[in-house]
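Here come two complexes built around chain A, the first alongside chain B, the second alongside chain C.
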Partner chain A sequence: MTRVGTVAVNTFREALRDRVLYNLVFFALVMMAAAILVGQISVNIEQIVMITLGLSAISIIGLLISVFIGVGLVSKEIDKRTLYALLAKPLRRWEFILGKFAGLALTLTVNTAAMSAGLFLALFYVKHSIERADTVVLVAVYFILLKLALVVALAMLFSCFTTPLLAILFSAGIYIAGLFVHEMRNMQAGTIDPALGGFLRGISYVLPNFENFDVMGAVAHGRAIPGALIAQNTVYAALYCAIVLAVAMAIFSQRNLK
Partner chain B sequence: MSSKGYIALFLFVLLGFAGVWRLQKCIDGQQSAVANEDDQVMLRSSKLVKGLSLEYAPLVADIYWTRVVQYFGNKQAGKQLDLRLLWPLLDVTSVLDPHLMPVYDFGSTFLSDAPPRGAGRPDLAVQLIERGLRANPEEWRLYYDLGFVYYFDMKDNAKASAAFYEGSKNPKAYVWMKIMAAKIAMEGNSAETSNFLWQDVYNTTKDPLVKQNALRHLQLLQAEDDRKQIDALLDEYQKRFGRRPVRMSELVQSGLLRAEPEDPLGYPYILSEAGKAELNLKTPLRDKWIKAPASK
Partner chain C sequence: MAGIDPFGVYGKNESMAEPAIDIENLTKDYPYGFLQLKKRRSLESLTMQVQPGEVFGFLGPNGAGKSTTIKLLMRLVFPTAGSARILGKPISDIEMHRDIGYLPEQPYFYDYLTAAEVLDYFARFHDFAAAERRERVQRMLKKVGLESAGRIQLRKYSKGMLQRVGLAQAILHDPAVVVLDEPMSGLDPVGRREVRDIILELKKQGKTVLFSTHILSDAEMLCDRVGVIVGGRLQGVGAPSELVGLKAQGMEILFELPAGGESGDLWAQATRTGDRYRLQVEESGLYAAMQRLQAAGAKILSVTQVKPSLEEYFMHLVAADRAQAAAVEVRAK
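Here is the complex of A and B:
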């Protein structure tokens, strides 16, 4: 586990060196502009606009980092031939994959935490106070983090056996499909062929369901999120990540790096 | 990796997905408590959506159209009467792609039909078709849709006749449209005309939802006709025996009927307390029953 931790910490450092956290400047600018403008262009929905805009920005920026950096984690090491030096050390391939995943997850956590702080500052500017009920926003932020972890795992899986461009396309494709799982499951008989409907319902349970993590609407309107949902989503993300990473490790272990 | 390793990986993935499946069912239960109860169309401004769609407006229209079909299908399956969003969805779709003809066919039928079959907004159906006519003046079928709405839902025979007549000027239009224009102008609303029009929709439409709707209308017309005939026999029974029967079997025993009559779905008709023929309480037709359709 020490070796996994070492890879993780170095992945985090590499992300800092690559100026990944510069996106925070962009986020800060968006939130400042929104905080100033929202009062001028909206009536009675300032808080809702701030929360939905802030959470959307956290999600979009996080997704871009997850896909583009996640895909590059393995392929960059192979292209630069730094992987050979690493694997010559007492480091197993699965430890390398797990460490890279943990490193990017750490980067995303730090990044998301910083953006969340920015969101709360903007909220404070608009409302002149932060109430206990506002902390429900943190649940949405946590769900975004779970979603990002799942996307990183998928991006790493695809980067283990295909080119970076295809890995990005596959990851984006699975993510988009995962947003329509509910639609797939509820296609009504009469509007779709029954066999196709059954097939779609079947794969809707196998695809990662990214709708599970979408509580932005509820949170923006101050509705509480049940504790059971938080627990189930946590287990869901952990289990799905474990499956995807296990497959990624198996593929990477068998990959011919010559 | 050894063969044992592969087997272990396979089992892990299999069990993992079984766990994911089970968890998803639990999450679905929790999500329903969190989800907004109201349906939402996030972007209702058709102009805004068109602007945001850039050069991909027809593609976005297709996506909106899919949403319309799923929205209506889900509402029908859940027996929900509230179809408030049908119009905004159709409005956006028809602005994004004014040449998407199913929008007008489908939209006019389900916007104009009274609840529970539709949204009960024939005025919006007319607005939609008129928009379609402005964009597709050569489409005679839109006049047919317009005549349909005026005839069945707005009971405006003059406008229905005018719409059928206008459409009949197109050489590709049904030959009978001109005849229908004259017939409606002369006789007004009749069961025979209604039956003819719905039968034509049933025979010509390719949309399964529209076809199903036409079939249900035909069944309701048939049921209405049956009820009238049974009521006439009940009156006859009263003349002969000085009282109204309390069971349908009494009509059979008296020789006025050969067997107990059934509705088009096979459910036997029943007698109301007033001694009139009624639809069986169990028949699905009862859910769609509003009043005697086109029974003037």
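Here is the complex of A and C:
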């Protein structure tokens, strides 16, 4: 596992030096502007607006990083041939994939943690206090992280066998489809061709269910998130990531690097 | 040292110790076309061995299969058929990589790292302690002449400097077998000289070096043996002198002509350089030519056997391969 860690730390260092965390400046600007604006126009809905806006920004920025950098994790190394010297070292291909995944997951964690701190600062600015109930926002942040890990795994999988552009399209497509899993499963009989309905239902069980990770509305209104859902989402994300990464490793282990 | 093996069992020498690199019928087809259903053979049943402590040059024109062979050995691509072992271990064994160093063709490294950082990164995969890593990194930077540039990010490096970093990472862990893909590529004369010195130093240390090149003078200068590959097929293996000796023919007479000496058809065939003449004749006609020169008052300075250079041998093989390919194409039409 030391070798996985070495690749992960270098991936994190790459993200830092490529100024990926500069997005935090953008996030900070959004939060500051929102806090000032909300303070002027909102009437007792400051918390809802700030939390919804903050979590949405954390999610969108994280998704952009996950897809674009996730796809580049493998494809850039192949295109630039930086991988050639590396794979001649005592490093297995699956260790490389796992290390890259862990490195970007670490980057996203640091990035998300910094944005969450920014969100709490903005909340404090508009509410002049942070209450114990506000910590439920952290659960939503945790769910966003789980979702991002899944997206990174998918982006890496696609980049193992297709071009970067297609990998971005596939990853984005799967993410969007994964937001409508419940709708796919609950199509009313008679509104759609039975064969297509069956197909959509089948697909909905294979697609990652991103709907389950969205608790933004509940959190914004200060409702608690059940522990069972936290456990379920954790296990689901871990299992799904493990399966996707295992497939990515299997494909990459057989790939010819021309 | 193994001699020339023109009968197909290239490079085999059963009497020697276990070869450092042992390649058996290695074949590689690359799929191509929209559906990747067609196949282009890049390497055809390559069988050869590199002995421990040997500097082996892998020669061939662009697209001959040199890099494919090296990538197969490094498991960057996978063989269609055949097998290979390095230091007795199958190339699929990850532990083999502890004892080999590899310089890719036109190497490129993480450009956000400095040379010292990239070497430290690679050293970590060999489980060196921090102090040893630092010591090795500094020693390698000095060896490849990058001591003063070790703290500069690689994005500011020239092609030649990257080549030096590549060489440093290949020998950083003191491997027993070093595989270099076009190590002289992109280097100026000083850089080429330094790489040659490093290869010779590796040889002195008893390392096995396999390197591909199309710079034949380097191969002639450095290699115990060379293998010539053309069109994916190994065409010959042997010491450079033995390979070119196969086709040795003709004699060269170096002589001076006294003032007022006779002239004639023999002089017309000679090449003049200052006061001296060089005349090439068939071995069978040497005696007669010398008699005629002496009768004309010429002073014979030396008589040497004419051997074609490795380049001529190489060009002969390339031309033969192209002629064969053209004939196959004509038959196919």
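Rule of thumb we're sticking to: the second predicted complex is superposed on the first by the 258 of 258 C-alpha atoms of A that agree within 3 Å, B and C clash if a C-alpha of one lies under 4 Å from a C-alpha of the other, contacts with A are read in each partner's own complex, and residues count from 1 in each chain.
We take it that a residue touches a chain if its C-beta (ideal position, glycine included) is under 8 Å from a C-beta of that chain, and two chains touch if they have at least 3 such contacts.
Model, not experiment: these values are computed from the prediction.
Novice: Identify whether chain B and chain C fit side by side or clash on chain A in the overlaid structures.
Specialist: In the superposition, chain B and chain C stay clear of each other.
Novice: For A:Asn186, using the defined touch cut-off, is the partner it touches chain B, chain C, both, or neither? Pick first, second, both or neither.
Specialist: In the superposition, A:Asn186 contacts chain B only.
Novice: Please indicate which partner A:Pro226 is in contact with in the superposed arrangement: first for chain B, second for chain C, both, or neither.
Specialist: first
Novice: Any idea whether chain B or chain C touches more of chain A?
Specialist: Tallying touched residues of chain A, the top partner is B.
Novice: Considering only touches as defined above, state whether A:Gln254 meets chain B (first), chain C (second), both or neither.
Specialist: A:Gln254: touches chain B and chain C.
Novice: Nearest 10 degrees is fine: what angle do the Cα centroids of chain B and chain C make about that of chain A?
Specialist: The angle comes out at 130 degrees.
Novice: Touch test for A:Leu91: chain B only (first), chain C only (second), both, or neither?
Specialist: second
Novice: Which partner does A:His128 contact after superposing on A: first (chain B), second (chain C), both, neither?
Specialist: Neither partner.
Novice: Touching A:Asn212, do we find chain B (first), chain C (second), both, or neither?
Specialist: first
Novice: Between chain B and chain C, what is the tightest CA to CA spacing in Å in the combined model?
Specialist: After superposing on chain A, chain B and chain C come no closer than 10 Å at C-alpha.
Novice: Report, in rising order, the residues of chain A that make contact with chain B in one complex and with chain C in the other.
Specialist: 254
Novice: Write out the stretch or stretches of chain A touching chain B in their complex.
Specialist: Going through chain A, the ones touching chain B are 183, 186-191, 205-206, 209, 211-212, 215, 217-218, 221, 223, 225-226, 228-229, 232-233, 235-236, 239-240, 242-243, 246-247, 250, 253-254.
Novice: Which part of chain B faces chain A closely enough to touch in the complex?
Specialist: Touching chain A from chain B are residues 1, 5-6, 9, 12-13, 16-17, 19-21, 23-24, 26-27, 30-31, 33-36, 69-70, 73-74, 76-77, 208-209, 212.
Novice: Would you mind writing out the residues of chain A in touch with chain C in their complex?
Specialist: Touching chain C from chain A are residues 2-3, 6, 10, 13-14, 17-18, 80-82, 84-92, 254, 256-258.
Novice: Per the contact definition, I'd like the list of chain C residues that touch chain A in the complex.
Specialist: 30, 71, 74-78, 94-95, 97-98, 100-104, 106-110, 112-113, 121-122, 124-127, 166, 169-170
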